[in-house]
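Starting off with a structure, shown below.
Chain lettering (A, B, C and D) follows the sequence in which the chains are written, and residue indices restart at 1 in each chain.
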Amino acid sequence: MKCMVDLCVIPIGQGVSVADEIAQCQRILARFDIDTKLHAYGTTLHGEWDEVFAAVKACHQELHEAGVTRLSSTLKVGTRTDKEQTFADKKQAVIDRLSKD
Amino acid sequence: MKCMVDLCVIPIGQGVSVADEIAQCQRILARFDIDTKLHAYGTTLHGEWDEVFAAVKACHQELHEAGVTRLSSTLKVGTRTDKEQTFADKKQAVIDRLSKD
Amino acid sequence: MKCMVDLCVIPIGQGVSVADEIAQCQRILARFDIDTKLHAYGTTLHGEWDEVFAAVKACHQELHEAGVTRLSSTLKVGTRTDKEQTFADKKQAVIDRLSKD
Amino acid sequence: MKCMVDLCVIPIGQGVSVADEIAQCQRILARFDIDTKLHAYGTTLHGEWDEVFAAVKACHQELHEAGVTRLSSTLKVGTRTDKEQTFADKKQAVIDRLSKD
C-alpha cells in the first residue's frame, strides 16, 4: 500500500527557531526509499506505507536521541486504491482545471 | 518509544455520513494492544509506537478492503522522553491549573 | 454557518510542559459564546464560525501578549449543510453502530 | 497579526476526485489579499490573520453554496512575534543548514 504523507515535526521546549531540527529530519528522511518534497509548512513524503512510517519514526527517535525532550508532529495521510499519484500529478490535476478558466 | 496519537480518518467518495467507517475503525483499533478514547472529532491512541502505527495502518488497509476507494487521515503524534503521560494525566495537568483560579 | 473545530495549540520555544499555556487557552475560550470540550490532545469547539475563529485568534493573540514568541496550532474544521451535530451526536452516531455488534 | 496557514480542504460525500473543489478553492483564495502557494497536499497561505481566515471561511461557504454538503479541513496555523517569515524564508532557513553538510 502506497501512501502520501504531509509531515510537520515540531520540537517542544527547544528554541524559537526549529530549522536545525527540521534540517536534521531532512537528512534522516533522505536515507529512506521514499520521495520527499520540502515546502514552507512541512515535508510531503510518498512511498510504500512501511517505508514512509519507518522514516517518520526515525525522525522522532533520532531527534530524541539528539536531546530533544518532546515532539508533536502533525501528519496528513492519504491512500487510494484507484490510481497512484505523484506530487506532480496531484498539483497538475488542480492546475489543469484552473488553466481552462 | 511510546506515543500518543490523535487520529481522524476521513473516507473520500463515500456518503456524507462517515459513522459506519469510523465504527469500523473502532473495531479494528480494539484488536491492538493500545489505549483508545473516542472523542467528537477523532480518536486518541496511546501505546508503543509500532503497535499504534500497526493499528493506524490496519484502519487504512481494512477500510480499502471493505471497498473505500480513498482515505485522508489527520494525525497528531506526540512523543516525549521525560515522562509517560496517560490521557487522564494530560487533561488533569490542565484542569489542576484551572482549579486554582 | 456553524462549525466544529478541533484545536491544538503548541507554544514553541517555551518549556517542555505546555499545560500553563493550554490552561490559559481554556480561560480565553470560556469567554466566547461557543461550546468547548477539552480532550487529551486538544479542545473541540462548536458554534458560529465567526465566534469560533474569534476565540482561536484570541488564543494566539493573548498568548503572544503574555510573552510566548511563537505558536503553531493544528485545527480540524468541519462544516455541513444537512444537519447540526453536537459533540455528543457525533460520538453517539459511532457508538450506536458499535452497540449493534 | 500576520499568520502562515497550511490549508487542506476535503469535501465529504462527493466523488473520489476532489480536484474540482480544490481548483474552486484556488479561485476563491485568489480574491483575497494574501500570498498562496499550492503544494501536493494543501495550500499554504500567508497574510494578515483576518484576511487569511476570511479566505478560509469563503472556501467553506462557497463550496457549500455550490452544493458540497460536508467539508472537513485540516489547518496548521503559525504566528510569531520575533520576525516575519515568507514561504521562501522558511524553506531557505532549512536549506541553508543542509548546504553546510
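Going forward, a residue touches a chain if its C-beta (ideal position, glycine included) is under 8 Å from a C-beta of that chain, and two chains touch if they have at least 3 such contacts.
If you're wondering where the values come from, they're calculated on a predicted model, not measured in any experiment.
Following the contact convention of this document, C, D is the list of chains adjacent to both chain A and chain B.
Relative to chain B, the most remote chain by averaged C-alpha coordinates is D.
Bringing chain B onto chain C by least-squares fit of CA atoms involves turning it by 180°, to the nearest 5. For the pairs A-C and A-D, the count of C-beta pairs in contact is higher at A-D. Averaged Cα coordinates give chain A a centre that lies 17 Å from the centre of chain D. Here the CA centre of chain C is 19 Å from the CA centre of chain D. Remark: chain A and chain C have CA centroids separated by 25 Å (rounded to whole angstrom). Across the assembly, chain B contributes 8, 12, 16-17, 69-70, 72, 74, 76, 78, 80, 82 as residues in contact with two or more other chains.
Partner chain D is touched in their complex by these residues of chain B: 8, 10-18, 69-70, 72, 74. Across the interface of their complex, chain C is touched by residues 1, 3, 12, 49-50, 53, 56-57, 60-61, 64, 69-82 of chain D. On chain A, the positions that touch chain D within their shared complex are 4, 6, 8, 16-17, 19-20, 22-23, 26-27, 37-42, 44, 74, 76, 78, 80, 82, 87-88, 90-91, 93-98, 101.
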